[in-house]
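The following pair of complexes shares a single chain, chain A, combined with chain B in the former and chain C in the latter.
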Partner chain A sequence: MEIKEARPYVVESLKYALNPSSIAVVGASRYPTKVGNKVVYELQKWGYKGKIFPVNPRADEVLGLKAYHTLREIKEPVDLVFVAVPAHIVSSIIHDAVAIKAKMLVIATSAFKEIGRAELQNDITEYCREQKLPLIGPNLVGMGSPYTHFNCGFIPYLPVEGPIAMISQSGANLLAALGTSQEEHFGMSFFVGLGNKADVDFSEFIEYAESDPHTKCLSIYIEGLDSPEAFVKSCKKVTKPIVVIKVGRSKIGHKAAFAHTASENPMDDEYYDQIIKEAGAIRATTWQEFLDVSLALGYQPALKGDNVVMITNGGGAGLLSCDHFERLGLPLKELKDISPLLAQKIRAYMPMFGSPLNPVDISGTASVIQYKGAFQQALRDPHVDGVLGAICPTAVTDVHGVTLAAVEVAEKTKDLHKPFVMICQGGEECSEAIKLLRSHGIPAYKTAEQAVNAMVALRKAAR
Partner chain B sequence: MEIKEARPYVVESLKYALNPSSIAVVGASRYPTKVGNKVVYELQKWGYKGKIFPVNPRADEVLGLKAYHTLREIKEPVDLVFVAVPAHIVSSIIHDAVAIKAKMLVIATSAFKEIGRAELQNDITEYCREQKLPLIGPNLVGMGSPYTHFNCGFIPYLPVEGPIAMISQSGANLLAALGTSQEEHFGMSFFVGLGNKADVDFSEFIEYAESDPHTKCLSIYIEGLDSPEAFVKSCKKVTKPIVVIKVGRSKIGHKAAFAHTASENPMDDEYYDQIIKEAGAIRATTWQEFLDVSLALGYQPALKGDNVVMITNGGGAGLLSCDHFERLGLPLKELKDISPLLAQKIRAYMPMFGSPLNPVDISGTASVIQYKGAFQQALRDPHVDGVLGAICPTAVTDVHGVTLAAVEVAEKTKDLHKPFVMICQGGEECSEAIKLLRSHGIPAYKTAEQAVNAMVALRKAAR
Partner chain C sequence: MPKLYKIGTPEQQEYLRDYHYNPKGMAFSEPGVIASDAKEFLAFNIAKSFYQVHPEVFNLAYVEEKTGIKKEEAAKRLKRLYDEKLMMLVKNSCVNIMGFGLYYWVVKLKEGTSKEDRKDLYDFFQNNDQICTGYPMDEGGEFDFYNGNHMRNLDNLFYGVIEKFRHRPYVEWVHICPVRRLIRESSVNQFDAKEGYRHYFFEEDQVKKAVKLQKKMDEKDFAIIEALNNSPTVGEMFDYMVLSSLSGLPAKEMKEDLIKAVDHDRGVIPMIYLNYAALGLHQRFFLVSLFENTPTYRSEQIADGLAKDPRFVNFFDFSDAHHNYMLSIYDELSDADEIRAKLNSYGEVKEVLESLSSRQFRRWTARLDYENGLYEECVFTDDVLLDRSTEGM
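Showing the complex of A and B:
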C-alpha cells in the first residue's frame, strides 16, 4: 500500500525484524514436514540466541520448547511475531499481536492480494498502520542475518558474513542467493523477503540498511513498486551503492508478477529505468549479473577512471574480456597509451611470447612471482585506475599460490583505493580460489564476462 | 594457412590425434615443473593405454619410461608426435617426424606467427603439407577424450564423458571448459586446442566430429578464420548442431587475437555473423552462454514449436525466465492459450495460491508428487512443445526427490522428443541435482536466464 516516504517509526522498528530478542512463531507445527515447524527448526539450527515462543493451539511442546496455545498466553515481551497460519485466521492473530504489544509483525502466509483478496490484505494493512505495528509481508519466505546467527523463515541456509544487504520480493530468488552464499562465498549482512509488501516497503529497508554497520551494498529485487516516490527519496538519502533488478517487463511477466506478489506494473519498463536512474542505483539485467555486480560494489572502491589493466596467463580470457568491456562501453586501452613506463616494466614478468598489449598476457607458464610482480606494478602505477587479474590453470599453474599472491598484493595496495577484480576460470581449485579471494574482499568470478560486468559497475558507481 | 575445403587426408588422419596407439613426446623433461614433463605425467595419470616415447637428448628415463635422445631412435611405429621444445628447434624435429613416418604432428610450442614469426610458421606449414603430415598448432594446449582416457597436453583435467566436441583456438578457455566439466558435469566427447591453426583448420575437425559416434554437438571457439569458405562448407555437411563463439570484435580484441594466436580479422564482426549464419551454426555471445547452449544441444532434441510450459515452485524464477524469454524473442504464452485442458488439469498439482498462468507456479510447498504430476501432464500434452522445470529449495523442498522424479519423467517421455530443461537455483544440494540431471541427459542450470538461453537455442536448432 502506497506510502509517500519511509516512515520513521517503521525504520526504527526494523531492528526487531532483524535482531529481535524474542520471537513468537504462530503456526509452529509439531510435524517436521510442515513449514511452521521449519521456522522454529531453522532458528534453533543456526544458533538464534533470543527466546522462541512456538504458538500452536493443539501443542504443549514443539521441538523441545514450551508451546503456547495463543499469543495472549505469552506473558513475556515479544519483539517479533512470525505468522505461518492459513490466511483466514491471520486477522485474529494480528489482534492478538497488538494486544501483547509486539514490536514487529511478519506474515509469511500466502493467498492474499495475489489471488484476488486485495480487500482482506488492505484491511489488515490499515489496521496495522492504525496500531503502528509494522507488518512485513504477507506472502514471504523470511529474513535473517549471519552476524546474529538469525535465520527466520522457511529457509534452509544462512549466508556467510559479508557486505551485501539483500531486499527481495521473491522468496525463491532470495533463497537462490542464500544458497549461493555458502557455496560461493557470497557475503551478506542481512536479507529479507518482502513478498506482497502490504505495509513495510522497500524505502524503509533501504534506510535501515544505510544505518546497518555491516552493509556496504544494497541489492534489491523488485517485482512492482507501489511507492516509487518513497523509493527514490530513500535511495537518494543513502550513501552506499545500490543494485536493482526489476522484473515483470515482459507481457506475461506483468501478469506473473501480480500472481506472485500482487505486484502491479502500470507503467512500461522505461519508466522503471528512469526511476532507478533517478534513484542513483545501478540496474542489472540477469540474476547472475545482479549477484556479481552486488559483490563487487560491496567489496571494492569505485573505479575512478577508465584506465583498467588486465593481467592474464590466458589469452582467451583476455579476448573474452576485452570484447565484453567494449560491448559495455568501457573499452580497454593499450597499455602503452595508459602508461608507457608500465608497458616496458611489465615485460619483466613474462616470457618472450607474452604480450604487453592489454590484456597483458603473461602466458600460460606464468609463475607466482611473475603474477605478483605484474599485479603490483599495475596497481602501483599512478596512471592505472583498476586491475583485472585472471588465472587460467594450465598444468603448470600454481592456482593457490597465485591466489595468495593476489590477496597479499591487494592487502599491500589497499590504501591506493583502486578496484582489484579476479577471474579464475577452471575446475575445483578455481572454485576454492574464488572463495578464498572473496573471503579477503576480492570479487572473483568463474567467467571473464562476469568480472567485466563487475568492473564496469564499479565505474558506474564512481559517476 | 588458407585451405579451400577440408582435406580428406587430414580428416582421415585426425583419429591419430585423438586416439593414437603411440605418442612421442618431444621435450619430455625430467623436472616436474616443466611443461614437457606434465604432458607425459597427464597421459599416465588419466590412464592412456597406448605407448609413450619420451624424447629428450639429455635423459634416459622420464617418469619411469625409457627416454629416447631423438625421434629417429624410436624403432617402433609412432602415430602422434607431440612437440614441446623451443621454437628454434621445431624445424629439425619436424624433419625427424617425417623421417620416422609419424601419422600426426602436434606443435604445442609458442613464439611463431603470434610474435611476428610468420615466415617460420609458414615454412613449417608448407613443408608439412608437402609431406602430407598434418600439423596441429603451433601454440596450443593439447587435446584428448574421456572415452579413451586420453589427456595429451598441459592440461590438469580430463572431462567427464558426454556429447560435446570442443574445438578451441584458446587453450585457457578450453581449460576452463575442461575444469567445468568435472565440477559441473559438462559432458564432452573430445576436445582440441587449435592454437595458431597453421595447417589443420576448423573445417577438418568439424568433419571429423560429424563421424565421431560420441559427439552430438560441436562447440567451436574462434579467434580468427583463415578459411571461411572451408568452414562454411564443412559446417553445411554436418548434421549435428554447431555452437560458435567468435571473439576479437573489439578494437583492442582485434590486436589481442593476433598477439594470442596470430589470428587475423580483416572483416568486421557483422561479416562473422553472416558466415556463422550461412554455416547454419548458433552464435553465443558470452562464454557461459556458449557452454550452456552447447550442453542443451548436445543432450536434447530441438524445440519444434513455440509452446514452452514452465513449471516452477518459485515465482521469482518464473519471472526472471519469462522476462528473458521475451527478451530473446520467444515469449511464453499463457497456459490456457496453449492448452485449456492442461490449464485445468495442472490445478490438481498446486495449492489454491499457486498460479496456472505460465510460468505455472506450483508454489514453495510443492511436493515430489506434485512436481512429477505437473511435469508429466505438461510433457504429455500434445499442444506442448517443451518443458522448463525449476526447483527453488525452500525448507520443505525435497530437492533430491524432485530431481529423481524429473529423471524418471524424462525417461518415460523420451519417445515424445520434446526438450526438457531444468533450473535448480540454490546451494550445494542444487549443484548436486544439476550434476545428477546432466548425467541423465537433462540440461540443468543454476540461473533462470541460463536455462532460457538453452531453450531458445533449442528452438533455433529446429529452424
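Showing the complex of A and C:
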C-alpha cells in the first residue's frame, strides 16, 4: 500500500527484522520437509544467538525447542514474528502478534493479493499500520545477515560477508544472489525479500541501509514501485550508491509481475526510468549487470574522473574493453594524453613489442613483477582516476602470482581512493583468481564487458 | 458353452442398474477435481488449523440445541478431547472425484517372526510417508498389517512401498486389495455407501459400554461428537462467523463453497475421528473372501446388506483381489461371535480371517503417533501422478 515517505517508526523497527533478540516462528513444523521446520533449522544451523520460540498448535516440541500452541502463550518479549502458515490463518496470527507487543512481523505466506485476495491483504496491512506493527511481505522467502549469523526464512545458506545490501521483491532472485555469493564471493551486508511489500516499502529499507555500518551499496530488485515519491525521497537522503533493476517492462512481464508479487505497474517503463534517474540510482538492465555493478559499487570508491588506464597481457581483452567503454559513453584516452610521464615509465614493465597506448598491453609473456610494477605505476600516477587490469592465462602466465600482486598493490594504494577493477578471462585458475580478488575487495569479472560496465557505473556514482 | 457376459445379458444389466460407479484410479483428473488447498475447502482448512486452540470453530450452538450441552462446556470438552489426543478433525476425500486410486494391502508374517523383525516392519510402515494410513495388528492374528495408499500410479506403490519389504525373509504374503467401494471409515458412511451418506454410527448401547470401560470420555463427550458428525449438512458442522473472524475471509462464501464440495458434489467428508487407541479400545478386523465364482453384483448386494449394520467401524470393498471385504468392529463394544456368525451365514463366503488392532498408524495423511510427538502432523504426498520409481526422486 502506498506511502508518501518512509515512516520513521518503521525504519527504526527494521533492526528487529535483521538483528532480533528473539523470534517466534509461527508454523514451525515437526517435519523436516516442511518450510516452518526449515526456518527453525536454518536459524539454529547458522548460529543465531537469540531466543527461538516455535509456534504450532499441534506440537509440544520442535527441533529440541519447547513449542508454543499460540503466540499468546509466549510470556517473554518477542522482537520478530515470522509467519509460515497458510493465508487463512494469518489474520488471527497478526492479532496475536499485536497482543504480545511484537516489534516486527514478517509474513512468508503466499496467496494474498497476487491471487486476487487484495481485500484480505489490505485489511491486514491497515490493521498493522493502525497498531504500528511493521509488516514485511507477505509472499517472501526471508531475510538475514552473515554478520549476525542470521538466516531467517527457507533459505539454504548465508552469503559471504561483504558490503552489498540486497533488497529484492523476488525470493528466487534473492536465492540466486545468495548462491552467487557463495560461488563467486559476492559479499553481502544483509539481504531481505519483500514479496508483495504490502506495508514495509523499499524506501524504508533504503533509509535503514544508510545507517547499517556494513553496507556500502544498496542493490534493489523491483517488480512494482507503488510508492515512487517515497522511493525518490529516500534515495536522495542516502549517501551510499544504489543500483536498481526494475522488471516488468515487457507486455507479458507486466502481467507476470502481478501474478508473482501482486506488483502493479500502471505507468510506462520510461516513467520508472525517469524516477530511478531522479532518485540518483543506477539502473541495470540485466541480472548479470545488476550483480556486476553492485559488486563494484560495494567494494570500490567512485571513479572521480574519465581517465581510466587499462593494463592487460592480452590485446583481445583490451580491444573488447575499448569498444565497450566507448559504447557506454566513457571512451578510453591514449595514455600519453592522460599522463605522458606514465606512458614513458610503463615501458619498463613490458617487452619491446608491448604497447603503451591504452590499453597498455604488457604482452602475453608478462611476469608477476611486470604486472605489479605496471599496476603500481598507474595507480600512483596523479592523472589516473582508475585502473582496469586484465589477466589472460597464457602458458607462461602465473595467474595466482599476478592475483596476489594485484591484491598487494590494491592494499598499498587504497588510501588513494581510486577504483581498481580486474578481468580474469579463462578457465578454473581464473575462477579461483576472481574469488580471491573479490575476497580482498577487488571486483573481478570473467569478461571485459562486465568489468567495463562496473567501471562505468563507478563513474556514474561519482556524478 | 462359455458364459456370455456382455451388453444386454441379464447379469450385466443387473450390475449396471445398481453398481455403476465412477471409475477409480484413472490417471487423469476428473472434471470438478478440486485441490486440498482450493477455495472450496477454505472453511475446512481454517477449522483444521484452529480447532486445537479455538474449539468454537465448531457450531456449538447447534451442539447445544442437539445435546443440551452449553456452548462453553462443549468448547471445553472439545479442547480437552484434542489435548488428550482422543479425537482429531479429519477429512476423507472421495477418491474417484479426486482422481486417485485407493489401494489397500494386507501383510501376513511367517509364524515365529521375532519381535525385532515385527518392530522393524512396524517402524517402516509408521515412517513411510507414501503410506496414507494403516493398522498394525496385534501378534497372534491371522494377518499382521492392513495399510493403504492413495495412488494414481500403481508402480509407485510397488516401488516405493511393497518392493521395499516384501522380500524380507519373515514376510509370508502381501495381498494387494484395490478398493472398489469405500463404504465406511471411522464409523462414518463414505461416498460409496448405498445410503446414508455421511452418517455416523455410534449406537447408544455402544456408548454405554464405552463409558463403562474407560474414564477419558463420558456420554456428553460422545454426544458432542455424534452431533457434529451427524449434522444434517456441513453447513451446521462449523461456525462460519468464527471461521471468518479468525481468517478475515467472507463467511457466507466459505459456507456455500463447503456445502457444495461436501453435500452437493460429495467430494470430501469432514468428520471427527475418534482415536480408539487413546481410549484403550481395539478394532477387530475381518478379512472376507468370497468364492471366486460369486458374480460382482452379488458381492455388492452382500456388501450393501452388511453395510446396514451400525456396528461396523470400517468397511472396504475390494476388486481384483484375493479378498472381497475388510470390515472392522470395536472389539470391546460389539459381539465378535455374532459378527463372525453373520458373515459366515452367507453361502458365498469362502473364508474369514481375523486380527485385532490396538492402534492406527495414521488417519489418512495425519500421523497419530503422539508417543513420537507427531500427533496430527499432516504428511500429504501430492505427487501421486509422478514417477517415483527412480531412486533419489
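Points worth noting:
In this text, the second predicted complex is superposed on the first by the 463 of 463 C-alpha atoms of A that agree within 3 Å, B and C clash if a C-alpha of one lies under 4 Å from a C-alpha of the other, contacts with A are read in each partner's own complex, and residues count from 1 in each chain.
Here, a residue touches a chain if its C-beta (ideal position, glycine included) is under 8 Å from a C-beta of that chain, and two chains touch if they have at least 3 such contacts.
All values derive from a computational prediction rather than experimental measurement.
In the superposed model, A:K304 lies in contact with neither chain B nor chain C.
The partner of chain A that touches more of its residues, comparing chain B with chain C, is B.
Judged by the touch definition given at the top, the superposed model places A:E61 against chain C, while chain B stays out of reach.
After overlaying the two complexes on the shared chain, residue contacts for A:E326 are found with chain B alone; chain C is out of touch. In the superposed model, A:K345 lies in contact with neither chain B nor chain C. Once the two complexes are overlaid on the shared chain, A:H383 sits clear of chain B and of chain C alike. Touching chain A in their complex are the following residues of chain B: 33-35, 38-39, 41-42, 110-111, 114-115, 139, 141, 153-157, 168-176, 178-183, 221, 223, 247-253, 255-257, 259-261, 286-288, 312-320, 322-327, 331-334, 351-353, 355, 357-359, 361, 363-365, 390, 392-396, 425-428, 430-431, 446-450.
Residues of chain C that touch chain A in their complex: 37, 42, 45-46, 49-50, 52-53, 246-249, 373-377, 379. Remark: chain A residues 29-31, 57-61, 69-70, 85-86, 88-92, 120, 123-124 touch chain C in the complex.
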